[in-house]
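Order of writing sets the chain letters: A, B, C and D. Residues in each chain are counted from 1.
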Amino acid sequence: MASLVRTGISIDRDLLQRFDRAIARKGYANRSEAIRGLVREHAVTVNVTQNRVIVGSLTLVYDHHQPNLSERLIEAQHHYRGKVLATTHVHLDSRHCLEVIIVKGRSAEVQRLADQLLSLRGVKHGRLVMTTSGKHL
Amino acid sequence: MASLVRTGISIDRDLLQRFDRAIARKGYANRSEAIRGLVREHAVTVNVTQNRVIVGSLTLVYDHHQPNLSERLIEAQHHYRGKVLATTHVHLDSRHCLEVIIVKGRSAEVQRLADQLLSLRGVKHGRLVMTTSGKHL
Amino acid sequence: MASLVRTGISIDRDLLQRFDRAIARKGYANRSEAIRGLVREHAVTVNVTQNRVIVGSLTLVYDHHQPNLSERLIEAQHHYRGKVLATTHVHLDSRHCLEVIIVKGRSAEVQRLADQLLSLRGVKHGRLVMTTSGKHL
Amino acid sequence: MASLVRTGISIDRDLLQRFDRAIARKGYANRSEAIRGLVREHAVTVNVTQNRVIVGSLTLVYDHHQPNLSERLIEAQHHYRGKVLATTHVHLDSRHCLEVIIVKGRSAEVQRLADQLLSLRGVKHGRLVMTTSGKHL
């Protein structure tokens, strides 16, 4: 289980009051939770920069009338060296599908898979999110 | 069905050659496809800025040992004014879950839901992607 | 003068150790300084979202052979409703100039000026940074 | 001198009409200019990813009452392996200064200098922009 420690910071009173107001609007229960959020966001960015193992979620919108696209999407996922954890499919309208592909792997490999899928003909738009594998957070 | 038109652009030879090389590395079949990709990315950004209806995919990593968190995540989704299209859940390790929540709605509302869920105690990290609803793309 | 207060946060030991290592590599003297940095970054983002008065620095690279471009750049700055604080010009090569325009104003107005200058023919590339006016930070 | 070539793309009529409206609002004279803008933005991102020589503009806001800060800012710039092209200084208020430091060098070196300066005690906020050295654009 994760073990908690306490740490103190000194900060300008005015800045802290503004921070408290801003995080209250977003719904944070308290300041400690919000600051942990900033530290974790920093940690994830470091992991991405250092090509550590991360979890990526790639959101694609594509035209399912495009010939062979489904096969190519599946083919690329099978050749991916990391691990595909799950895929979710949503029918947006009669023509467009949205797919979220959740993968695990080193950030550079995940980025390469995303580049490959996003460049397929018939893929209209997409974005990749890199988040944590849950370790050390 | 979408109707295609042709348009021409003039561009520096050197810049175009570099573009061709860069998109070939990413896997694009041809230049036209890659430029359409840039135009679509631009269109999605405009939609987000103008608070149009978009589709969002919110990726969350959370600690399922956190008391009441699952209830709060579901509660917030039920109060969301837009539409939740699908949710996918992955067990990352004995402690951490990843959830992707796919929603449709105006970009400001989607952002508000994301802020609310990301600020819940026990949510370790998360990021929101805004993409197209498929219309006009 | 700014008055400092102290606040404490509880945080996972492992996460904190990783944060300490990451910020040491970047050169931070201590943890308190680094966390203040994250809180300030958050504050600036809030100011931008809420259309508060910010300071922007717009970096442009342009081709000075483009007819009338210099006049248009100056014209647009004179019509800007906010305040232009300073402009710096660097000769990159025989053809290209870099200009940094430092402005003060509400974030939406600064963004509009940036869009306007970046769309001028002959402007090859540019990016806008929004930072603090120095107040409450 | 740069030599222009023409290239054609096929694109959905509806998407193109929306693009035309969006770029007109921003002030682009025509579609060709706007698409070149997207291609150049892509080229700059590629240069940054591949650690090519770029030009960076680092915007810093700092408290000039902080002991030794000016010396440290200058010291770090002198140790920077790339080239500092220019520095601009603006007095924001009685306490805060804004400085824009324009540097040339490989993107990773520029990023390292930015990390180093942004972590100095007394530097309140800052952001780095990477743009083109003007070559091949």
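The definition used in the following text is that contacts are C-beta pairs under 8 Å (C-beta built on N, C-alpha and C of every residue); 3 or more make two chains touch, one makes a residue touch a chain.
The model shown is predicted, which means the values in this text are computed figures rather than measured ones.
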For this session: Using the touch definition up top, find the fewest steps from subunit A to subunit D.
Result: 2
Seminar exercise, completed: Per the touch definition, the chains contacting both subunit A and subunit B are none
Exercise. Rounded to the nearest whole Å, what is the centre-to-centre distance of subunit A and subunit C, using the mean of the C-alpha atoms as each centre?
Worked result: 25
Exercise. At what distance in angstrom does the C-alpha mean of subunit D lie from that of subunit C?
Worked result: 10
For this session: Indicate the residues of subunit A shared as contacts by at least two other chains.
Result: 40, 137
Seminar exercise, completed: Each pair of chains that touches is included here, namely A-B, A-C, B-D, C-D
For this session: Note which residues of subunit C are touching subunit A in the complex, please.
Result: 2-16, 18-19, 22, 31-32, 35-36, 38-40, 42-43, 46, 136-137
Exercise. Contact residues on subunit B for subunit A in the complex?
Worked result: 23, 26-29, 33-34, 37, 40-41, 44, 55, 57, 59, 61, 85-86, 88, 90, 92-93, 95-96, 98, 100, 102, 115-116, 118-121, 124-135, 137
